[in-house]
Every structure is written in structure tokens, then in C-alpha cells.
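Two complexes are shown next, each including chain A; its partner changes from chain B in the first to chain C in the second.
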Partner chain A sequence: MAAGEAAVDDGVMLVALLVATLRAAAPLILAATGELVTERAGVLNLGVEGMMLVGAVVGFAATITTGSHWLGLLAAMAAGMAMAGIFAALTLGLRANQVASGLALTIFGVGFSALFGAPFQSHPIPGLATVIFPNLAAASPFMQQLLLLDPLVWLALAAPFAVQRFLARSRAGLVLRAVGESAEVAHSFGYAVIRIRLAATLFGGAMAGLAGVSLSLAYTPMWTENMVAGRGWIALALVVFSTWKPHFVTLGALLFGFVTIAGFQANAWGIPVAPNLLATLPYLATILVLVLISRDRLRLKLNAPASLGKPFHPV
Partner chain B sequence: MLSRRSLLLAPAAAALAARDAAAAGPLKVAFVYVSPVGDAGWTFQHELGRRALDAAMGNAVKTSFVENVEEGADAERVIRKLATDGNDLIFTTSFGYMNPTLKVAGQFPKLKFEHATGYKRAANLATYSARFYEGRYATGVLAGRMSKSGIAGYVAAFPIPEVLQGINAFTLGMRSVNPKAQVRVVWTSSWFDPGKERAGADTLIAGGADILTHHTDSTAVAQAGEEKGVLTVAYNSDQSKYGPKTCLTAVTHNWNDYYVGRVKAVIAGTWKSGDLWGGVKEGMTKLAPYGAAVPDAVRKEVDAKLAAIGAGTLKPFAGPLSGQDGKPKVAAGHAMTDKEIGEMNWFVDGVQGKI
Partner chain C sequence: MRLERRAAASRLMAVLAPVLAVVAAALGAALLFAVMGKDPIACLHTLFIAPLADATGVSELALKATPLLLCAIGIAVGVQANVWNIGAEGQFTMGAITGGAVALWLGPDGAWFVLPLVLLAGVLGGMAWAGIAALLRTRFNAHEILVTLMLSYVAIQLLGWLVRGPMQDPEGFNFPQSRQFEPAATLPLLFEGGRVTIAALFALLAVPAGALLLGRTLIGYRIRVVGLAPGAARYAGFSETAAVWFCLLLSGGLAGLAGVSEVAGPIGQLLPSISPGYGFAAIIVAFLGRLRPVGILLAALLMALLYLGGEALQITQQLPLAATGVIQGMLLLFLLGADVLVHYRIRLGGRAHGRGRSGRG
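Showing the complex of A and B:
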């Protein structure tokens, strides 16, 4: 310990822990918030992982081609929406099974992103934080930490508030929830069920694309095959974990991020915890919370959209 | 009678077989890769070896590869497919292919197989690996000279002997020039997860480490160092383009000579099963070109250590060595044997972390 004491400022360490947690949680929050809106409209899209990968690779490619990170973000949202569009065409248009179509979308996204991304593998680019603050490497350790909070992190923190407000307070939000609860009733009131579900699905796609590109442009600025590494599935789990409430998505993602990062911190601080145990902690925490939630069956039933995953046949 | 005849015929048959192979057209050589080829990393180094084979042997060989093959049931299917496709020699380049390779090798006794980093062999299945730790020791010396805080960070995947050898050798090298140096280890529990590697690197930097290295497969650590102005020593491949200012060098694997040598042996009919654990001496472990940040004196010192390791005069795991708790582990005058190194499951003094 003696050699390290002088160099380590506990304050910086604490801020670093917070910042690292936020950065790890941001992609999860973005993807899960999008999927939450999709599911609240009654559509279960299991293709989040695939949409994230395609968003990551298209955004990265667009950034390299145009030289602008901002255009890269837009391209990633468009790519995510295009992927969600395919899903919508299958499930809303042709009324294909949502679970199967979602899984197919993920498999397609994994393959397509690998194929499309092959020429872009060897392009190092500056991260979003460095683009905004070019002198990042020269800043003091404390400032460096704060500057690493790029706009996507702030967006991820704000998104659940906006979505919560939309779902609870706006007319459009209430209609969207009605469609998710009972498509037949919403239809009989004259709402365009398919069109509303399409919009919700596309929103989920755009957010997944943004989540993916936050990995390839901000968190680890590079493209490598399969770089999303299962975060799409964690985002899906977070939606259930949150019982379809946006603020709990943030909470869950922060908890997941914190447990992951705290594991590293324990390693680095020399707290003797076995690495295998640390690696399982985030998942143990997830299981624990899911068990606690499902104990309260009424609550789960009240919050889960009643017609989730059910195709709608207008009569 | 029969035995004498077969004895007499054996050398002639071998010569004939060798000629047959040459006459039948190019030798077909296949490679199985665990991840996409990409442009850096474990698989990329094997791919460089395959390309070197093409360049060296020209029309005498026909090489092919299958990338991104998962370790497990799928690997067996891929290896068997390559065997039935008429390949003469098949290299399977990841530890997890060990049992599938052994199984398929048993079913195709006339074909030759080589498995990287494994320990199960057969008459037609050889194994090979590299002493990565030799390069690690040299970069530890480099880290000891370049670090101001005396704290290095190590992003590692799994606590298996191959990884522990690297961490220990790096620490011993660093402590050979800075006895107070500390190496802090974080575990990602994954060979490839850029996000986790990045988070691990960020944590180590925040904790005061001013030089980082890694035993994982992505370029995330080199990039984290470049973004934050922290020095790095990369692994697997030269990653200087990911850290033009901060990446000092990389411990790289070099299979080129081995692959060319083994293929020549097959063509000449002299190929035999066996195990090669090569290092600096065999050219299997090398350092990538130094970055501009490394002063000339340090380059010379590290090169000299590497040369001494290659010559066998410097043994990274020669005693006296003490464990993490400060208690003696290896007595003075004893250098750890290959078997002991291969089974390493402890940290040397100076490593901060837990297995």
C-alpha cells in the first residue's frame, strides 16, 4: 500500500467510481428505456442486442466516412429504426410471432454487423469525450473524470424522466398504454393500434441504436465484432426488473453497473475477493431483485402490459 | 516374415508417400480460429502465420481458415468437416479445441493435427505454445523504468496458469529495477469484452497506476491509455495505432516460423508428433517496435534482458521468489521447471489482487 498512498486521492477515486458506474449504465438505460416504451405498447421485441450491434457499426462507419461524431449518432438511430422497421413489418404487418421474430432480428443483427463492419475494424477514432474536450489527457484527474461524462450519459439519465412524464401525463402516452393493455378496447375507441405500435417499436429501435453507438463512439471508441457482448439481453432483463417503470430502469442499470465496477475497485484496492465471485455478483444481484419483485405477484400483474406480445387482429 | 518385409519397406513407403503428396498437388493446410480475424489479437497473430505460410511456400501449399468457431460441440463439427474436405494438416488455435481435436484426430489417423496451448497429444496430434511470460518479464523491466508512481495496472481475463505466469513475470521484471513496484490486477472474467476491459483500465488509472498492460483480446486498454495520457504495454499484436503517443510496445506472438517449419516437415515426410513450448529463442515471443516515448537507454536495457532470456542466461522464474504474503516460494539456486511453471497458481510478492 505504501507506494500507492501518495498518488491516490480518495476523492478522485470516489468520483471515478461514480463516473465509471454512470458510463457503464448509460447504454443499458438507453436501450432499456426504448424497449420499455415498445413493451408498454404491447410489443415484445427481443431483437435489442441485434439493433444495438447494427446501431454501433452503422454509427461508427458513418463517423469514419463523414468525420462527424454527431452524424454518426444520427445514422445509428436511423439504423436502429430500420432494424425495428423490419421487426414491425413482420410482427405488426404480417402478424408473425413476436418472440421468434425478435430472436431472428438479433441473429440477423449479429451477422449483418459483422459483415458490414469488416472493413471498419482497423480504424481507431477519438472518443466522443475527446472530440468535445480535445485536451482531456492534459486535464487534472478530477476534471478528467467529469469530462468523461459525455452527452450520451446525460441523455441516458434524462430519458427515463421524459418517458415517465410522457407515459403518465400526456394524452399520447395514455393512448399508448391503452394499446398495450387492451388493443381491442383501444381499437373500439377509434385509435390506430397498428400505427401506435409501429411508432413505439421504432422509438425502441432508435434508442437501441443510440445505446449501441454509445459503445462504439463513446465508451470504447472502436468497432469489433460482437462488441455489445450481451448488453442487449441485460437491457431486456432490466425492463422486467423495473416492472415497466422508467425510474426503476435507471436504478437497475446503476445497480448493475455499480456492482460490476465495484468489483474492479475491490480488485484494485486490494480487497481480497475472489474474481469468480465478483464476476457473478451483478447476476446474483439481478436474480435477487427479480425474486423479490416476483414475490409481489399483484404488483407484477398490475404493471405488466396485459396484451404484451399478443398480435392484434382488427375485426 | 511379414514384420521383416514391412521393416524393409517402411523407409521406401515413407519416401513414396512423401512423393505422392508432392505429386498430388499442393499440401492442404487448414486453420481453425476462435474469434474473428480482425486486425489485432490472438487470432490475428495466427492469421499472420498463415499468410507467412502462403508467402513462403507459394504453390506448394493451399491454406484456408474458418474463423469465429466456438469452443465446444461446434468446433468438432468444423474440424471434422475440414478433415473430410481433404486437408492434410489442420491447426486448431485455441485451448478449448483440445478434446474435439483429439477426437477427430483419432478418427482420421492419416491426417496430421496440431493444437495450440493444449496438453493432449496423439501420434498424429502435436501441440505447441509460446512462453509469453518471457516477453512479459522484459516489458516489466520497461514498466519499472517508465513508471513514476511505481504502480502498474494489469487487466486480466481469468486466473489460469498462462495468465498468472504473465502477471508474475511482469511483476518480477518491474521489481528487478524498482523493488518497491506494485502491480494491481483486475479480472474481467472474459477474454473479449471491450466494455469491461475499458472499465477495468479506467479503475486502475483512477487508482494511481501510470502504466497499464492487459491479458485480454481487445484494443480497449491501449485506447483508454491514449485517451487519458497513460502509458500502456499491449498484448498479442502491435497496437501502436491505437496508442500512437502512449503505447510503448506489445508482447506479441509469432507463429510464422513454426508454421512454415511444420509444413516443410510434412512435405519432407519428417513430421512427428510432439510438444513445442517456444519462447524468445525460437522467435515465438517478440516485442513490437518501441513507441517514441521510450528513451534509447531503456530500449537498450530491455533488448539486453530479452537477449539474455533468449540465450538462457536470465530465467524469469529463478529463485529466490517469495509469494504474495512475503513467504518464500522458490528457493535460491532453483529455477522453476517447465512443469512447475505450467501449473503456476500463486502470485509473487508485489502483486496486488486475488486469484
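Showing the complex of A and C:
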């Protein structure tokens, strides 16, 4: 009997680990899926970190002021889109360099979120409610664990499927990919390259906003300065890792989620490593996967959108 | 309104665009202050004028401009070769760690050679940290933007661990900090009463050295060709690998020098946080200075003024320090926007000069 209980305990712990991994992976999946769509249209927006920070703080502030998590999510998406709009105005409108503009967007986002968030610093709020079948909670300890998953986690798990379907099966997705592969050809077929790239950039912004707010409303329900802590950059690396295929984004994000959680848990598991050193794990893992994927130049070249980062100027 | 490409880049606009960006950022800042319920004029005065009112202010300006200048010149040389080192913050931190380690280890000796070794260790630490990115880029094709940035986070965590672990001051009441460096391991002051050290001279020296490198040497020429026309560079036999290594080692070394100069200078010990984002602000400085050393000198002074003004705003106007970050960010965004005028002129109304097809954009 005791052995049976121990097995259940092990099982629950395993589920708990899976749940924690999913929760850590969700912001990465959301941000990377959005950036993937942006990049498939040929636009390289390095401002993901900045968009996530602004989404996180605006969504948090909106939730505190209105008392509604849903308005918070909407506000975060709008904020992410507004940031992406700045990037689009610079790169698509004023033809500025995409790399520099993305960096500028992140620098601006870091500053803006810190300023805007100063009054809300370390002010805890109830986390995003888990909405699925409260009655099941009592049924089993497994269910209890699964119920820790907030709606944004489910959205993050669904988003790559939706994006994959959109890109592969829909006409609009085909046009978007055409714009990313060869803007000139798409233009000569009569497609509005700039407008399509704008739409893809704004979608990336909305997803980054959601990714940010999933940190400040669900993952650790509070705002702390610079709380995104490089996840926007990791999401950018994930897009490269995925070779621009949505499902691999999920796979990579789960890997990172696990590395992050393993870092948190290491001391509990009796591995005596200083917290500061464990905190380096996700960044080192990013470098490692980047190296593993990038060394195959041919594969990267075949899969990357051919017009990625290249400006297009009609006339 | 539409954009019409200039036959050649406008030199006037290349100089004017940063000025326009500064003016626009100042207006943006005024708007920001007004939104936050402060008097915009008083705030702008505090930000741009008040810090320079006395000798202390000018000396603090030089103090803050020093690391910005060192980091930005390295970054700018890299960007000219299309090598994006955005992890100067990490190389800065690594330089502080390695230089600080030597300072803690040899400082008590008090010998004359301690300080040169401390500086050398700092430079090498920064170079090694950037060298990882160079190796991964040239050997494995991993993009230096992400690698240098990730390594920055790693370096900052590493410093956090060291000052709580192996390098912690045993008599420091368990505070996360190292021992104070001995005088033999500390940079001499440029003049009594200020905090500016001879590191400011290194930074000033980097300006003509950088200009000479880019304008008058074969290496500088190759760097610019690799950046402007990679195809032509390959055809001419200029190695991109060599350019990547050179740019990253140079910028890493300069950032390392900046880092060690901070801890062996005004800070005087290792702390968990040793930089208010100099490495990142240096990216703005590099662009604002048009990637040219002389321009970067002016831009570094302006950015240092923003840091000082930001601190003054916090004290006298109770504005969060983060306001500085917003103004810095606006500055770069406006600059990138204003740069359109270098290559294009704005035409109002119809398509007067119908060169080429009509466009949709």
C-alpha cells in the first residue's frame, strides 16, 4: 500500500514538473510564434524583449486599474501592437535599418516599462484565474496540478498549430510567405508588400504583448522592473532554432522551460549550486542550441525566409 | 507625401539628423514631464543645463562619458564591418571581474606593476568574453547579436555569484561585495577633488586611434569593405572571419578596459551591480556619433549628460531614474527616423518627377 502511495506521489511530482515546465515555456512560445510570423513575412524585429516588457507592465496596470484580467490581456496586446507599430513606422515607413530599429525598440521598451511601472512595482495581485472545470479539481491530485495551467498556457499550446495551419493551408498565409521569400515577386503579382509586412509585424507585437503579460499576470503575478529578463531574446533564438517551423518552437520552448525549472529545483533536489550560477542555465542553453542549429549553414539557408531583414522599397 | 531617393547620400543631413534627433528627444522629454505633472521647462533645465553649472558637474560628466566612449568606439568599428556586438555590457562586466580578481590578489603587494596587470587582466577578460562570440560566429555560424547578449546575462550572474561567494569580503558583514581594492590596484585620479581617473585619458586616446584605424589603415579599409560590400570583400580576398575576430576582440577589449576602470576607479571594489547600462547606452552613442570616433566623443558627452541629468531629476523633481532610459530610447528611435533624410528627400503632393514606376507604398 505504501509503495502504491509512493508511486502516486512520484506521479504527482512528475505532473507538477510538467506543469511548471509548461508555465515557464508559455511566454516563450507566445513570443516566438508571433516573431516567427513576422519573420516569415521578411521582417526581422529584434525588439521582442522591449515589446514583452511593455506588454507586461501595461497589462498589469490595466488589470490593477480595471480589476479585470481580460481587459489586462487586451491592453497588453494593444501595447505590444503599439510598440510594433513604432518599429513598422521606422523600418517600413522611414526605411530605417531593421537591426538597429529593433535594438532601439528594446532599449526604449526597457526604459518605458521601468518608468510606467514604477508606481506598480512589487504590488501583488491575484494571478490569472484558471478557468477549466473547477469541479474536477477535487477528483484527483493530477487534475489539481493541471488546473494550475492558466488560459494563456493553453493558448500558447494552441497557437503554433493555428499559425502552422494559417501559413501552410490558407491563401493569406501563402501570400505572407511569398512576401517573405521574395518581396519583388510578390509586388509584381500585385500584392501590397508593405501592408502585409505591417500586418505581420503587428501580429508579432500582439503576441509579444501577450507573452509579456503572461509573465506579469500568471507566471509571477506582479510587476518587477526588467522582469522579462532576456526571454524576448531567447524567443528570437527559438525562431532560429525552429528553422521557422511553428511546431519546433513549442519543442524548443519546452526544453527551455525545463532547463529553467530544473535550475529552480536543483537546490531542492540536493544539487548544491549557487542560485546565480543556476540562473545562467537558460542563457547558456540558448547559446548551445543556437550553435547546434546554426552550424548546419545549408539547412538554415534553405529554411530561412529568403528576404528576411531585407528592406523593400517600391519605386 | 512620399520619399524620393537622393542620387547620393546627403552629407549635410548626415550631420543634421543627430541634431534633429536630439531636439525631438528633448521635445519628447518635455512632453513626458508634462504628462507626469511636472514643469517641463524646469525639468529640461535640470536635465540639460543644471548638471554643468559647476566644476563637480563637469568632472562627473567626464567620469560617465569615459566608459560610454570606450564601449561605443568598439561597437562602432564592429557595425562598420556588419559585426553587431550588443553585449558590451557583458564584456564590461567580465573586464571588471578579471581585473578585479587581479586587484584583490596582487593589490596587497603594493608593487608598481600591479595596476598595469589589473588593467591588462580587464582588457583580456573583455576580449575573452567577446572572443567566445567570435569563435561561435566564425566556427559555427551562430549570430553574434544573440550570443553576445546572452553572454551579458551570464556575466552579470557570474559577478553576482562571485561577490556572494569566492570574492566576498570576509569582514563585510555578509554584504554582497568584495574587499576594497588597495591603492596600488586603483587608478590614479586625474586631479584632486574629482572622481575622474586617468581612464578618461585612455578613452580620449581611443578617439584619434579609432579614427586612424578606420580612415588610414588597411585593416580599417578592409573592415569597411566587408561591411559595405561583402561580395566585393570576398572577391578582393578580404577575410570576413578575420574581420569578425578583429572587431569582436577590439570591442571586447575596450569594453573590458571600461569595466576594470570603473571598479578600479570610482567604485573601488566589486559589487553585484557596477554599471547603469553603459554597455547598452553605448549602442545609442555609437549610432548618434554616426559610427565615427569624433562624433562618438560628442555623443558620449551628451549621453553622460543624460545620465547626470536623470540623477538630478530624481533628486530635485522626484522623477524615477527610469525616465533617463525612456529619453535614451526616444533619442535612438528619433535618430533612426531622422536618418531617412540622409538618403531620401521628402516630396509633398503629386509625383512631379515621374522616374520609374508608380508604387504602392
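By our rule, the second predicted complex is superposed on the first by the 260 of 315 C-alpha atoms of A that agree within 3 Å, B and C clash if a C-alpha of one lies under 4 Å from a C-alpha of the other, contacts with A are read in each partner's own complex, and residues count from 1 in each chain.
Just so we're on the same page, contacts are C-beta pairs under 8 Å (C-beta built on N, C-alpha and C of every residue); 3 or more make two chains touch, one makes a residue touch a chain.
These numbers come from a predicted model, not from an experiment.
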Which of chain B and chain C A:N276 touches, first, second, both or neither: both
Touched partner set for A:G127, first chain B, second chain C, both or neither: first
First (chain B), second (chain C), both or neither touched by A:T224: first
First (chain B), second (chain C), both or neither touched by A:A114: both
Touched partner set for A:L284, first chain B, second chain C, both or neither: second
Chain B versus chain C as contact partner of A:F166, first or second or both or neither: neither
Which of chain B and chain C A:F264 touches, first, second, both or neither: first
Chain B versus chain C as contact partner of A:H313, first or second or both or neither: second
Overlap of chain C and chain B interfaces on chain A (superposed complexes): 114, 225, 229, 274, 276, 279
Residues of chain B defined as touching chain A within the complex: 35-36, 38-40, 68, 149-151, 153, 158-159, 180-182, 184-187, 189-190, 192-200, 202-204, 206-210, 218-220, 223, 226-229, 241-242, 352-355
Sites on chain C touched by chain A in the complex: 2-3, 5, 84, 86, 136, 140-143, 145-147, 149-151, 153-154, 157-158, 160-161, 164-165, 280-281, 283-284, 287, 320, 322-330, 332-333, 336-337, 339-340, 343-344, 356-361
Contact set on chain A toward chain B in their complex: 2-4, 6-8, 12-13, 16-17, 20, 23-24, 114, 121-122, 124, 126-127, 129-130, 136-138, 141, 144-145, 215, 219-222, 224-227, 229, 231, 260-261, 263-265, 267-270, 272-276, 278-279
Complex interface listing, chain A residues touching chain C: 46, 86, 89-90, 92, 94-97, 99-101, 103-105, 107-112, 114-115, 118, 187, 192-195, 225, 229-230, 233-234, 236-237, 240, 274, 276-277, 279-280, 283-284, 286-287, 290-291, 294-295, 297, 300, 313-315
